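Naming follows writing order (A, B, C, D, E and F), and every chain is counted from residue 1.
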Amino acid sequence: MILLVEVLISALLVVGGFFALVGSFGLIKLGDPMTRLHAPTKATTLGVGSVLIASMLYFAVIEGAFSFHELLISLFLFLTAPITANFIAKAYLLHRAQPEALPRTERDCGWANFDAPKRDAVLTPPLNEDPAQR
Amino acid sequence: MLRKLLPHPLLTLLLTAVWIMLLNSVSLGGLLLGLILGLLIPLYTAAYWPNRPRLRNPLMIVEYILVVLLDIVIANVVVAKTILFKRNSAMKSGFVAVPLDLRTPEAITVLAGTITMTPGTVSSDLSADGRSLLVHHLDAPNSDELRDTIKQRYERRLKEIFE
Amino acid sequence: MIAYALMFCFGCFGLALLFNLYRLWIGPLIVDRILALDTMVINSIALLVLYGMFEGTTIYFEASLLFAMVGFVSTVAYCRFILRGDIIE
Amino acid sequence: MSVALIVALPFLGALLPGLMIRAGRNACAATTGAVTLLAFILLLIEAPAVMSGEVIQYRIEWLPALGLHATFFLDGLGLLFAGMILGIGLLIILYARFYLSKNDPMGLFYTYLLLFQGAMVGIVLSDNILLLLIFWELTSLSSFLLIGYWKHLPEGRQGARMALAVTGLGGLAMIAGMLILGEIAGSYDLTVILQHKEAIQASPLYLPALLLILLGCFTKSAQFPFHFWLPHAMAAPTPVSAYLHSATMVKAGLFLMARLWPVMAGTEAWFYLVATTGLATMVIGAAIALFKDDLKALLAFSTVSHLGLITMLLGFGSPMAAVVAVFHIINHATFKAALFMTAGIVDHEVHSRDIKRLGGLAALMPITALIATITALSMAGIPPLNGFISKEMMLEEAAHSAWAGNPWVIGAVATFGALLSVAYSFRYIAHVFLGPRRDDYPQQPHDPPFGMWAAPALLAVLVVLIGLAPGFFAEPLVVATAGAVTGGNLPEFHLSLWHGVTPALFMSIAAVAGGGLLLWRHANLERLWLAAPRPEAKRIFDALVSAAARASGRVTDALHDGALTRYLAILCVAAIGIGLAGYLGGQHSPGQRPQLPVSTVPVIGWLLLLVSCLSVALFHRQRLLALVLIGVIGLIISIGFIYLSAPDLALTQISVEVVTVILLLLALNFLPKQTPQESTMPRKLRDAAIALAGGLGVGALCWAILTRDFQTISDFHLEQSYPGGGGTNVVNVILVDFRGFDTFGEIIVLGIAALAIYALVETILHGPVSRRLRAWTADQVEAKDRHPLMLVVATRVMLPISLMVGVYIFLRGHNEPGGGFIAGLVVAIALVMQYMASGFAWAQSRSRYDYHSLIALGVLFAGLTGVGAWFAGRPFLTSDFGYVTIPPLEKFELATAMIFDLGVFLTVVGSVMLALASLSRIARRAGETLNPDPMDIDPSAVARDTEVR
Amino acid sequence: MNHWIIAPIVLPAILAPFLVLATRHSLRLQRTFSVAGTFALAAIALALTVAAAGGATEVYEVGNWPGPFGIVLVLDRLSALMVLLTGLLAVAVVVYAVGSGWDARGRNFHPLFQFQLMGICGAFLTGDAFNLFVFFEVLLIASYGLMIHGGGPMRLRAGVQYVVINLAGSTLFLFALGTLYGVTGTLNMADMALKVRELAPGNEALLRVGGLLLLIVFAIKSALVPIHFWLPGTYANAPAPVAALFAIMTKVGAYAILRVYTLVFGAEAGANAWLAADWLLPAALLTLALGMIGVLGSRSLMRLIAFSVIGSVGTLLVALSLFTPESTVAALYYLIHSTLATAALFLIADLILERRAIGGDLLHPAPSFPQAGVIAALFFAGAIGMTGMPPLSGFVGKLLVLDAARGADSMALIWTVILVTSLLAIVGFARAGSTLFWKSSAVTGEDDRAGETLPKAASFVPMAVTVTLLSAMVLLAVLAGPTTSYLEATARQLYDPSGYIEAVLGPR
Amino acid sequence: MEFLVASSVGSLTAAGIYLILRLRTFPAVVGVAMLSYAVNVFLFASGRLAIDLPPIIDKAATGYTDPLPQALVLTAIVISFGMTAVVVILALGAYLESGTDRIDTDDRAGPQ
């Protein structure tokens, strides 16, 4: 049983390392920033994910103490990775992409990067009061 | 009254779980403290989360998660293969617009996140009215197919969960 | 066996970091470098977890957690700077 | 006691004129006069005793560490000078009452005058040479004020400054001289010093002391080549010139030479320095005086000449010469003060002091003319006036003195000096009062009121009386004084008008005849004089001072031009240099500590760090990139800390780094995004060289420390952490307990930083910046969406989780890595995340915490936790802890350190947020609008809104 | 344990947040509490000085942890004196700031001021090297806030320079501390003194590196050439009352030099005894020279005063660098004097600048201004103080310094530099004063009377403060005897550190 | 390992020094940040290096690294954070007020 788990852990580690490596390799191999974005956002998450699972198993089985920390880290990563990717993509689009070259939104407005929010917020004039004082 | 004291019951549950995860051990005291914090913290943060959506079908979440996890694993293998074995010039990368039926911001976010974490796609931008999603694909010969997959596989399920 | 796997894994993540460094060095866009940093953070988190396993201790987990949180915030901050100039508006 | 009182009275009275001026000018002058008179009377009371050879002393201990004491003594010399100062002072006060116009602030004048008088009396009555120095400097200062009294006149300003500079120079030299003298004699008390002639003259330090002291004396007494300041000081009101520049201050130098005569005189050095200087001054001063057209200038240089005469006499070093010197001091004081006053009267009446524009005044103002004539004849040395007697005696002494073996040089030169003296004295009479009556005066001059001529008239009477009966009117005083000067070995002498047929008589006759001849040919000589090149002392002085000022300005400006980069380079070089010197200055043996093994991953981290450092240096001009690289470096250092067993450091470093980056990004928004390429290549190379040297130095130092073993006090902390501090995380226990005081200071630093930032932003937003900001436009392309939906949603989930993490890190800090500081940062970062997502205004409107109060509360919590220990009778910040068990829960710990840590937490959150809030105000002023909604587009809200609106 | 020892630190440390918390919106309340607190601080300092005059070195173990393991505060004659001087100066400055309205020209003046006092007192009282660093930082960051109080482009740019240079200094401080800890394994200064005595010879070089780097740090604070460059810009651009408070800042550096290099590197430090002396003397002489050259060469009033501060620091450090009891007495006496003189001059400069509508700070003739007569008198007195002329204490101080240099190897050089630079200063101040006051009255003739129309009440408090500072210099001269006898006892304590060490570490 | 740490401190210092000698405020601020990284690591290293011996009291621990420098570094980090914050805002204020971000001023004419 222990051996099985050891094998499993080892496999997870190897897989994790491999994917992480591929992800970072993609980061240098791929030719265009938008495509480069794919590599780390996916490969790395699986890489780290595998390592985290391996770690949980390791502590639970080998060290005999359950560890939930890893779940929390995974939660954080899964929550944040898409946002990070989204922002990097937006930053790239803003400076490098022609809005015309992008597919149409099929709505009566453009992409948020280039077109002001459709239902514009009711903008108030600048306040003179100090927000820190209220 | 109860809603005021317990603005986010699910969140309270989540936070208590987070607390246990943080403590890395289960004990009565820890659970109690976690529960207290899980009650108190949402009281403070509720202000930052107005118009919290109500989940229509929480059980559906489990199914969704399983689907996505599976897709992630597959996606990784696919992307790894693409990166390792395909010449850059041979990749058919590009953008595709995905019109959205979802309206809840939370649901849209989950969808966009899912897209980013799964095969060769990254959610890059929303349309200015929030009803269309700009997706970049690493290597997809047929972008219409991709769009349909997204709508079928993920958006449909999310619609069931959230709206 | 786990030890060997760990070594392998250390090697992979180490090499990954070097790749990230390469991207950081050549850029060419600032976005590329931010992406490289973000990837570095994620690889570091994995390294920390591996190190915890290696030493058999869990005291480094908070650091990983914090790395995750902080990496996210700083990447968003850099991007927001590019996007809007003012990161808190 | 009364000696001290004589000195003190003028000072004590100095405030009175300023007060009395409200009661009128007469009251003001009367008060001043009364003060002086009182001092004078006190002096006269002591006079008989002094004349009979007694020395009156008074001593107050002041500064034993230095040997500076308020000690006074009154002997013959002191009596003469003090009498002169106070007596002539009285006359000057009277004269000035009528001289000063209604526009002149009289109270101020008398105040200055009394200050000066006190200082002078202090000089002549001091028994302690350090005390004497104090009064000496005070005369310089008060005379500065008096000379510059007419502050609207440029001559007055320049004259005052010149006098101050020259006498200041002398005064400083004198300080050194006096200190040396005190060193030789073993005391600063004159009465002691005067006993040590042999010791002083034998000391190798005698010559330096002599030179320095003489420098002081010569400058004060306007001896060649320092004679030039005196005529320019004449820009002062005439009473000042009469008082300072004839009767008193210029005689301070003479006084000191006389005072120190018993121990300093009699050596070759003394003779050559003093006698030669005196002789030269006498002739040069007289020559200049002859060709001065300004009455006061003429008198001023005549004063220079007479001072030279007296100096020469003192320089001879023989007791009889000293007697003559004393006698001439008295005579000069009488006739010269009177002459100044007549010059003042002429100026006052005619509104001109230019001899060329004067003449024939004898008919218009007979009384003045009479006084002037008598006193001028005395100055010329015409019998039967007092000037004649002392000049005869001087020539007698000169005739008997040899210079470098040459027996007649001094006699001849002295006779020539006397001849010139006759010439200018006659000129004063002939060209001003005699000659045809002129009608071109702006208004008819006439004799002034009695009050104004009374004083000079009294002096003129004295001139005659002493001339006629020197034995009666002057001899006792001369004996007493000269006795003091010579230290008791006074020769037999008798003052009389007729000395018999001596060489001096013939010299005198030659002088008078020659003088007359000179005056007769004055016009021709003047042409020659004007044609001859001669150094204009004032111009030289001015050029010197302004050159010094310019050079100083240039040096100062060149060094302190505001080039911070150079300052920093110098600092770096200094630090590297002194470090290297320190290293080379002591023994060094290489360390023996076994080194830790190196594995692959750390090497990779090291590589990352090195490359990042290099990149920052190379790419720093792209500022955003520099910040990204800072992020990388922070990350690697944090990992390094973890690897090297410092988890607390890693947590702190990484969270501080992100907040720093955020702050820098916020600031960068309004700064240029690129640094222009402006350093030259040599400069870059220079900086790179300094940087490399610094890096090498620090690296080597680090290496040297890392590779050696040492004993440290932290074993105690490891041992006591749990039993004494109640925590297993030793670092945290050190922070909140062992060295909680450091942490207390540290959070205060943080709090102050936030308060200062807030204050700064407040200030600039209320200034002109505000306008500039309103016109500010973004200098880069902007995305159109400010608050993208995805980020907002993600942070909604992240915020509560992050807060949970914050609480967790706070609570565990005492036992595991964490604590209030890191927790504070985590919470702050979580809030920042919220703010980044939904904007400051919206987020701020959701939580109404006053960050000022948060900071203040934090510091107060921490501080009051510390103070709390007082009530338990323990020192500040003494902690207490205990374990609590509430069934069925596990045992848990409560510690006061937690409250302290809570203070830390609050301060951190408050400070970070206040700093961010302040920065966001700048953005708002730059035209950023407030967002009422948390995200740009909320598709569901659109649906809802269409129903509501 | 005498809790009063920590009061000069805790009082402002509690008062400042209280001011922020409770009185932030009421300037009147802020002023009341801040002034009252400052007076209380001065009173406490006086009491501490009286206590210290008894001769015993008192130790306060913060957190009840014994030295060298915890942080200790040490009250001896020197620290008491410095705290007292701080308290008195602070009273003058805070009253001036309130009276002149300077405190209302920006936010948070009083909290920052109190924190500044806390930092200064802490630096004087602490017996721990790292804690000294912390207090240095407290006083520095508060000084940053105060220095830029009121804003303005020049002030802010000068502020950047001031901060950057001091950040470099703080960095160096940590390098030095790291080195010293790495060699001696301790942070407590008394303990460090013992460790230095027993040091293995092979560690000597590193110890010296640490010790000398520390010297650079203190030299930056005290504005020693060639790292004095920060001072003219900073002081010339700081608000005048703040510059007046900064009079004590350079003294913090001087104090630290005196403390560290008599205690740790004193007579018993073997091969490392008097480590700083050889470096300090030439640098101090240069400082004195450059400072006074600057006085002569300055074209603006604030800069002139700033350079005179550098010059006075030079004089002080010349005396200090001789490291004899006599020279230390002279140095400390001069320290007190120059603190008063500097503060007085900056306040007088403020009185001038507040009134001189045309010409501002520049030493060019400009029309006369209200109350020019009175202010001229004050300036004259201030200049007398700074140039070291009688009857103010500067003269006594200078005599003490000269006297103390007697017998030193470089006596002739020291005397020459001190005396020649005095002349430069005299000429410089005379030029400045006659330009400001005499030439000014020449420019417009005689409209001094314009001043009579100015409300006198508004300027009463500032003038009274200035006069008080000037009078304090007279008093210091008159009381030179008792003062120096206190200082002699102080020097005895410093040159026999066994009392200090035993008080901190217990008898051994 | 010691060499890696020492040389890292050295290169951080070198980069920091180079940057604080630049002519604009922003690089100087970055330089200051680099220097504080350098000195923090240096101070930390003054307690010598140890791997996997965190100063957390534990019965199973085989030893502990020196906790004192760590505490000092924590304090130093926080302080330098405060300082960096002030200097960057000050630099911003100076730029907004004066329109230039040059770090060198021209003091020769004296302040205005």
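Operating definition for what follows: contacts are C-beta pairs under 8 Å (C-beta built on N, C-alpha and C of every residue); 3 or more make two chains touch, one makes a residue touch a chain.
Everything quoted here is computed from the prediction, not taken from an experiment.
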A-C or C-F - the one linked by more C-beta pairs in contact: A-C
Far-end chain from subunit E, centres as C-alpha averages: B
Distance from subunit D to subunit B - Cα centre to Cα centre, in angstrom: 73
Euclidean distance of C-alpha centroids - subunit D vs subunit E, Å: 15
Averaged-CA centre spacing for the pair subunit F and subunit A, given as whole angstrom: 31
Cα-centroid distance, subunit D relative to subunit F, in whole angstrom: 38
Where subunit C touches two or more other chains at once, by residue number: 10-11, 13, 15, 17, 34, 58-59, 61, 65, 69, 71-72, 76, 80, 82-83
Per-residue overlap in subunit F, given as positions that touch at least 2 other chains: 16, 20, 25, 38, 40, 42, 45-47, 52, 54, 56, 68, 72, 75, 79, 82-83, 86, 90-91, 93, 97, 99, 103, 105, 107
Residues of subunit D whose C-beta touches two or more other chains: 557, 560, 562, 564, 566, 568, 572, 627, 643, 647, 668, 698, 701, 705, 710, 712-714, 717, 738-739, 742, 745-746, 749, 752-753, 756, 758, 760, 762-764, 767, 783-786, 788, 790-791, 794, 798, 801, 805, 816-817, 840, 852, 918-920, 928, 931, 937, 941-942
For the subunit A and subunit D complex, residues of the former touching the latter: 75-76, 79-80, 82-83, 86-87, 90, 94-95, 112-119, 121-127, 130-134
Contact footprint of subunit A on subunit C as seen in their complex: 1-2, 4-6, 8-13, 15-17, 19-20, 22-23, 29, 31-32, 34-36, 38-39, 42-43, 45-46, 49-50, 52-53, 56, 58, 61, 64-65, 68-69, 71-72, 75-76, 79-80, 82-83
Partner subunit E, residues of subunit D touching it in the complex: 61-66, 68, 103, 105, 108, 130, 133-135, 137-138, 140-141, 144-145, 148, 151-154, 156-157, 160-161, 164-165, 168-169, 172-173, 175-176, 179, 183, 545, 548-557, 559-560, 562, 564, 566-568, 570-572, 574-575, 578-579, 581-589, 698, 701, 704-705, 708, 710-714, 716-717, 720, 724, 737-742, 744-746, 748-749, 751-753, 755-756, 758-760, 762-764, 767, 852-853, 855-860, 863-864, 866-867, 869-870, 874-879
Residue numbers on subunit F that touch subunit E, as the complex places them: 16, 20, 25, 28, 32, 35-36, 38-40, 42-43, 45-47, 68-69, 72, 75-76, 79-80, 82-83, 86-87, 90-91, 93-94, 97-99, 103, 105, 107, 109-112
Touching residues on subunit F, where the partner in the complex is subunit D: 1-27, 29-30, 33-34, 37-38, 40-42, 44-58, 64-68, 70-75, 77-79, 81-86, 88-93, 95-97, 99, 101, 103-108
